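There are two complexes below, and they share chain A, which is joined by chain B in the first and by chain C in the second.
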Partner chain A sequence: MNDTTAAHQRATGHGRPTTPGGAWIGASVGRREDPRLLTGRGRFTDDIQLPGMLHAQFVRATVAHATVTGIDLSAVLDVPGVVAAFTAEDLELGDITARLGRPASEFVATAMPVLARDRVRFVGEPLAVVVARDAYAAEDGLEAAKVSYEPRPPVVSAARALAPGAPLVHDEAPLNTLLDVSMFATEGIDAVFDGAPHVVRVRASTGRQNALPLETRGAVASWDAREDQLLLQTCTQVPHQVRTVAARCLRLDERAVRVVVPDMGGGFGLKCVVGREEIAVAAAALRLDRPVKWIEDRKDALTASFLAREQHYDARAAFDADGRILALDADVVCDMGAYSCYPFTAGIEPLMASAEMPGVYKVPAYRVRGRAVTTNKAPTAPYRGVSRPQYVMVMERLFERAARELGMDPVEIRRRNVITDFPYTGVNRITYDPGSYRESLDLCERLVREEGWYAAREEAAAEGRHLGIGYACFSERTGYGSAAFAQRKMEVVPGFDISEVRMDTSGAVVVTTGTMSHGQSHETTMAQIVADELGLDIAKVRIHQGDTDRVTYGWGTFASRSIAVGGSAVRLAAAKLGEKLCRIAAARWELSPDAVELVTGGIRRRDGTGEVVGFPELADIAYLKAHLLPKDVEPGLSATATFDVFNDGTFSNATHGVVVELHPGTGQVEILAYLCVEDCGVAINPQVVEGQCRGGIAQGIAGALFEQVTYDDQGEPSATSFMDYKVPTAHEIPDVLIRHLQTPCAFTETGAKGAGEGGTIGAPAAVLNAVNDALRPTGTELDTTPITPETVQRAFGRTVEHPS
Partner chain B sequence: MTDTAPRERQLITLDVNGERHELLIEPRRTLVDALRHDLLLTGTHVGCEHGICGACTVLVDGAPARACLMFAAQAEGARIRTVESLAEDGELSDLQRAFTEHHGLQCGFCTPGFLMLAEGFLAERPAATKEEIREVVASNLCRCTGYQTIVEAIDDCAARRRKET
Partner chain C sequence: MKPAPFVYHRARDAVGATRLLAELGDESKVIAGGQSLVAMMNFRLARPRHLVDVGGLRELDYLRTGPDGALRVGALTTHHTVETASDERLGSGFAVLRAAMEWVGHLPIRTRGTVGGSIAHADATAEWCLLAVALDAEMVALGPGGERRIPAADFFQGYYTSALDPDELLVEVVFPRPARYAALTEFAERRGDFATVSTVVALDLRDGAVHGGRVALGGVAPLPVRSPEAEAVLARGGPAGPELFTACAGAAAAAAGPPDGVSGDGDYRAALIRELVRRACEEAVSR
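Coming up: the complex of A and B.
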């Protein structure tokens, strides 16, 4: 135990299991990351300083769509402090191309050059890298760069992109369509719609958002001559995937690239794709044989990194007279911007929406068309929830609209339709493992009632105020294994994880995980899993992640996979090590391995003598007295295990309940209460799970009410600072009341399901429904986010002072 | 490749966490860059460089200030405190302990800014109500926590301090 951890635990009394029996799993153990982060001793990418280090910035496109006719960097080199400037041609870099194994009629692969060559496709696209003695001089250098363009007409909206005769963003992609899939199409679905007593339609759009980790992207690249290896320190959620792309682009063996991830200031998906700049910086460092650092500034982070979530839905649902859904038909268009991200491709959003839209409901007939269109806007990456915040919002709107049309209570209509018998195989051919859909809905409604919000809504109405109550009931597929990702037909199929647990002669263990914490507390939660499995104090367990030389392989952290998949691999590896320890102990006593058992701190004889041999003594034999080992036991104490999910994954679920008050004069949507009933199976650390819920909900509210990346009709981004991109503060984000249900997963090693994204998924739907409930007297229903003050004012028939 | 002469520099003295440091820097160098890259006090972070996010908040003569909006030269003569000054002898301060107990941080990038904001505010208003604390917390951005646990941590720390006095 290091001193800060010891002091921390002494001081807080926070850091011990509180559950009966002393289990670490299930205890809100104090985070082991905290002492360094609280004292300023974290090490983020921009904290790295290397001898002789230079600083890079990028010359970026100033027009949305153009042929590049010339890049003149001669004046850049005259700027004091500038050391070098390189174009794509100078660095001879390969392209980054993400692919799906789908026919040309469904998917078109497009190349994303590391630096743009003869064509630019969005404002902010990198064209050249300027390297200087300090970051200030690098910025000076950018101003001296001269790029000449022959403008092409920009394509700035999905509607424009799909219009006949629209200019092409990528010449190889007709109709600017990168993905076009039609799925399921249940036989007879048209007849169901024709014969249904009620058909409701929702046409919804959701705003383009920035995942907005507070730490922008960045990288430090340096050549290590002693190791004959490039060291690329970069804040990525997917270190091994960055290594693969860097090695290929730089034409190196993968062993000659080491990717190390320092502390990370958030990612939320934006950092789970390979960035062009991190590769360009590596190339510049190799060329100059000097360490090169690049730290993205906020303007570039807002305009030129990866965005998400701009989707358009045209959805219909048929209902019977009792409010049971009969069929769902949806057309989904996702505006993916200028490029396909690696490794997920531009298919990420439409494929997620198409496969999973029926969600928690028993939908007998389903048809969907999902498209990814390319436009002259910054490209997109997966963002926390990936399409689920959007399709859940559309589903919940369909049910609310049907409830209104049928004169039913909006909770009751959901109750009649949610899946209650598990496992359930849906019309989308996905099998849902057990969850608490109905229970979460009932409990959430009861809490809203008990907290007095139904009565408050009535009182408010009597006073002429506008209170509304809204719900979202949803599930979230987590723990995608390689089988589930293979169904998407990704050429690069993520899914499994590998863990190694190694014990040293002092009985302490180091554990590797292929997942990559960037705020999710893996150093704590993964250690809890190992501490329980081996009967160790958590202080004896150290987690290693984010180093491609230390970790055999990994898929990083995204899609709420870390605890479900990575945590399972960790537990299996620890169990394997436990077996080895048992064999060594048994041999020492001349017993068979099944005559001994793991207990806290060592191995005990089962014969009732109570005799225990401690881990340090067994480790002493394994390493320092190997001659005492039985013949079939190899020296050393390490064990490696892999884990994968061979079915459709595991579904976390939740119901969110929101109470809002609308202020017709200002158009403000005030959130009066936010309740969340969540079920992520076994919560390894409930405090951490609640943190994920609250943080996720805040990002969901941001999308529902505040944040939107906008462009003018020439593709010029209009939100280039925090003055224009409105990130909510403690003023806007309410306290959240959380209640836990627990339906353990049957096939993860700890019973845990993923918990990272649910908050973000439920919030937009719940907020939008609450706003619509409050708008009921006006007859207006809204289906689009963000809900701006102007929209609310208009709904109340107020004059808008500043038309948008 | 060009290697031209450095730009004009000036010699300044900064008083940081009770220590005086002489720095030879360009006049345009911001306080946060001087702290981070010249004094290697990397606990103070940079989130936006335009004074909105507050990740770079430090205390200047006891008051919270955005170190990205000040030139280092402007801080001459002032007493500057950064997050590195909060813990003593390896023991977390009461404010830092409150943050960890309430899970007031996840990725930790914004945390030093919130700590210094709270440290300065509570020194000035030890009797602050929870609503006043929320108001102050709204000065900075956090993308991970949803703010509730930050407000609770500061409120709890304030309450404990009042109990002790």
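Coming up: the complex of A and C.
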């Protein structure tokens, strides 16, 4: 169990403050980021202008797989405005290599060079960096570069990658397999399948997607001679990890690299890995001793950035006659593209799917094989939800199919199978902390009924229209600590977080967090936590993040960890500072620290006598009249705390309900209603949680119905702009009715669980189930996303008579 | 996604623009709202050496109705101007133009993009090109030798190709006759996208009966086309109702022979034509 709760009790040994606690946490405080961002006063990477700054663009591979026989940049240097151009040979940088501590039979590490040398593995792979006086001239320069290739046969699908005799993307990875794990394999599982009254099978594929932050990737690198330090300003979710890789590739001490993150326009996981371009830009800046900026354009963002989600499932589930699941057997193949991302590796998707697939259901027997294959397509990174949108979709399809086979109501079959007794240790050896799986399912179904959609479906059917209702019930592990990541056998093990809270003589506090808000409102929510703990107005609380010189260390923001882990560290640090303030006040009154308590704006005697001594007055003593401090209290007002999770983490959960209408003539899928019942424990700021739900659901719908990164058979990307990569807009995304349930987490300091990814996880399953419900009269069932209008129209075309 | 170098020229008036175009030769390109051209330049798919900006020529921004019943649309009139025009400005029988504007891109595109720019660009799926073909519009081109009028049937010649000479400027689009019972509809996976298939139907409707009409299709050929087969069904006439409309739609679908495209193969396009022509007929009647 977690010992930090005990640490918290020690830190606040004088007891919980009276007025503090409750005023800010749970309130939908307006986002403090909004005034600057909504009035154009934010500062994003592309807003940075430095004197003498140059602009970089990258010469990129135009073939998917080839040996590079020559790179001739001589004509590039003749292009007006071009200042320099460098290849891998010129810059002599170390490679980026992500590793797992697994045997060679399970995992093959592959190196990702910052710039490709003698081999290219996807269209868009960077080969050289061109630096010019502006971005226009840099792009002119790219056209003058001459790269000669000896083409190799490209591997553009997982099936091809795994076929015997397939060309190898990485010579060291036989069968193009970077990860191959077989897990759990409950004894006797084959007999369970053989003897089960019902066995259903789902073969599903999900389209390759781009997480698509509105702000593309980018960096501004400059050398600070006075600090003897590289300043790398870049939009990353993981500043400290970028510092580590930059220092190693550039062969600098880490102290000689400062990573600063400006405002960010989204990341969604795409920016929680270390890219090659930001390192190359830093190297160019060092080489030229001038600031260099690189802003990824949308074409590169769509084709040469990090992608995700292309997975193939072959899953079977056995059920008894009452609809109870008896066993689950799955084969998962994830198409990870050309390289393993740092620090997570190409194992991220198959390992997530394999470990977590049973999800909210009581699955007695489980066997899974998970594979990561490498192909000649742009590499992948974690994307909001990581594999959970896919395996939840497959699980929910298995239950729907079983319900059909058994003639059961699809909600009832779930009701019979969801975990209701917590803590529950699953067949996948994960312990699930308390959640509201059953309650969310019941409430969501009730809402769909109360909103009249069951009646509407019947009426529509009578009129020959096609309405469908679909659900997804799921949980999501959040707040992964070091222990949970260590189970993945990552060589670099993320997990803990550190926070420092420092009060100045005016009684205002600055709080550092190792998490990195890229749209999640941490300047607001982290401040709410501190305000509650100390009894301060949040106007007195300023959050510092995203600066490796200001923040001791951190793992950034991903895996819905920030509020659960980072927020806990913040609360502990604030509690420690509160304790110090109490000791100073108690000493002033010659009382024991137990005899005083924090109240709004200061400290008073527990017996209620005397006045409240304000924070500025105490800070005055701590800094300016240190001779008044008790001997055992150090001058100054700062406190640092760490937090980690020593168990399996905490599970948020939700049920989504979707109503669609299908239009047989065009195949259009129209979403008529979207309902979400979510439980992320204590919601620090419900409005922020709802924003996360809505945004996540929009991205989930995008995967279900619209977006797909496509390639031709030579590995040439065919969705190179928003014309072809069909990001849905406000026209396509419905409003979402959200209801909150609250099952507080017992071991985070605020009771909060993570809330960042759930929306994305539930949407594909719920939409797909709704579409299949509406397709019932056609006899067609769809298990592959994105569902295109053409597929739907064809399903109707096969069965419905169209008079002509 | 930055354009290749180009020289920017700003026209003072329409005649000046044609003079600049004649001077600069065929490596020059007219820019008005820039909603198609700039994107193509940013992808470096278009690399004009010279841009002649006519965006400032306010004298080409107008809607004029005349006693002949025609509507004259100045080439620099924006989609949004048409979308928000009053009945009076638009003239009797041209509500179809206003209603069609909701299909043109998104609001920011409609507020900058122009009618003339869209037609001169000659995209086979563009709403204005389809409307011009369906409603027999005439394009007024100004060149060094003066004005000439080009009927829609001759104006569109293929993918992004029109009858305009390199030194000509499209200055006006004339819709000669009111089209009271007409509608444009289309389908795309996302609202505002280039249509997979689009259609305009204009019916000759009197006393609840159809006495002929026009059917034009977009997205099925390199240029917007009329469907003689569907029009033949309308010409045979009959009560305005499902039977006639379904027959008309079926004829359009059967005859279109649409090419395979990114968004679907021929069968799917045929299905879309069938559905959309039927919808457009119904919408046209309901005006």
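Annotations for the structure displayed:
Following the convention adopted for this analysis, the second predicted complex is superposed on the first by the 774 of 804 C-alpha atoms of A that agree within 3 Å, B and C clash if a C-alpha of one lies under 4 Å from a C-alpha of the other, contacts with A are read in each partner's own complex, and residues count from 1 in each chain.
Note that in this section contacts are C-beta pairs under 8 Å (C-beta built on N, C-alpha and C of every residue); 3 or more make two chains touch, one makes a residue touch a chain.
Since the structure is predicted, the reported quantities are computational estimates derived from the model, not experimental observations.
Applying the stated contact rule after C-alpha superposition, one finds that A:Gly665 touches chain C and leaves chain B untouched.
When the two structures are aligned on the shared chain, A:Met723 is found in touch with chain B and with chain C. By the touch criterion stated above, A:Glu790 is placed in contact with chain C alone, chain B being left untouched. Contacts of A:His731 after superposition: both chain B and chain C are touched.
When the two complexes are overlaid, the chain among chain B and chain C that reaches more residues of chain A is B. Looking at the shared chain after the overlay, A:Phe706 reaches chain C, while chain B stays out of its contact range. Looking at the shared chain after the overlay, A:Pro174 reaches neither chain B nor chain C.
With both structures placed on the common chain, the touch criterion links A:Pro164 to neither chain B nor chain C.
Shared-chain residue A:Gly407: touches no atom of chain B or chain C. Look at A:Asp297: by the touch rule set out above, it reaches both chain B and chain C. Residue overlap on chain A between its contacts with chain B in one complex and with chain C in the other: 135-136, 297-298, 721, 723, 729, 731.
Of all residues in chain C, those touching chain A in their complex are 1-5, 43-44, 106, 187, 189-194, 246-247, 249-250, 253-254, 262-265, 267-268, 271-272, 274-276, 278-279. Contacts from chain B toward chain A in the complex involve residues 1-7, 26, 28-29, 33, 36-37, 40-50, 52-53, 55, 82-84, 86-87, 90-92, 96-97, 99-101, 103, 105-112, 115, 134-135, 137-151.
Residues 135-136, 139-140, 143, 297-299, 665-668, 706, 718, 721, 723-724, 726, 728-729, 731-732, 788-790, 793-794, 797, 802-804 of chain A are the ones touching chain C in the complex.
Listed in rising order, the residues of chain A touching chain B in the complex are 3-4, 7-8, 11-12, 14, 30-31, 33-35, 37-44, 46-47, 49, 77-84, 133, 135-136, 212-216, 263-266, 268, 295, 297-298, 518-521, 687-688, 690-691, 694-699, 721-723, 727, 729-731, 733, 735-736.
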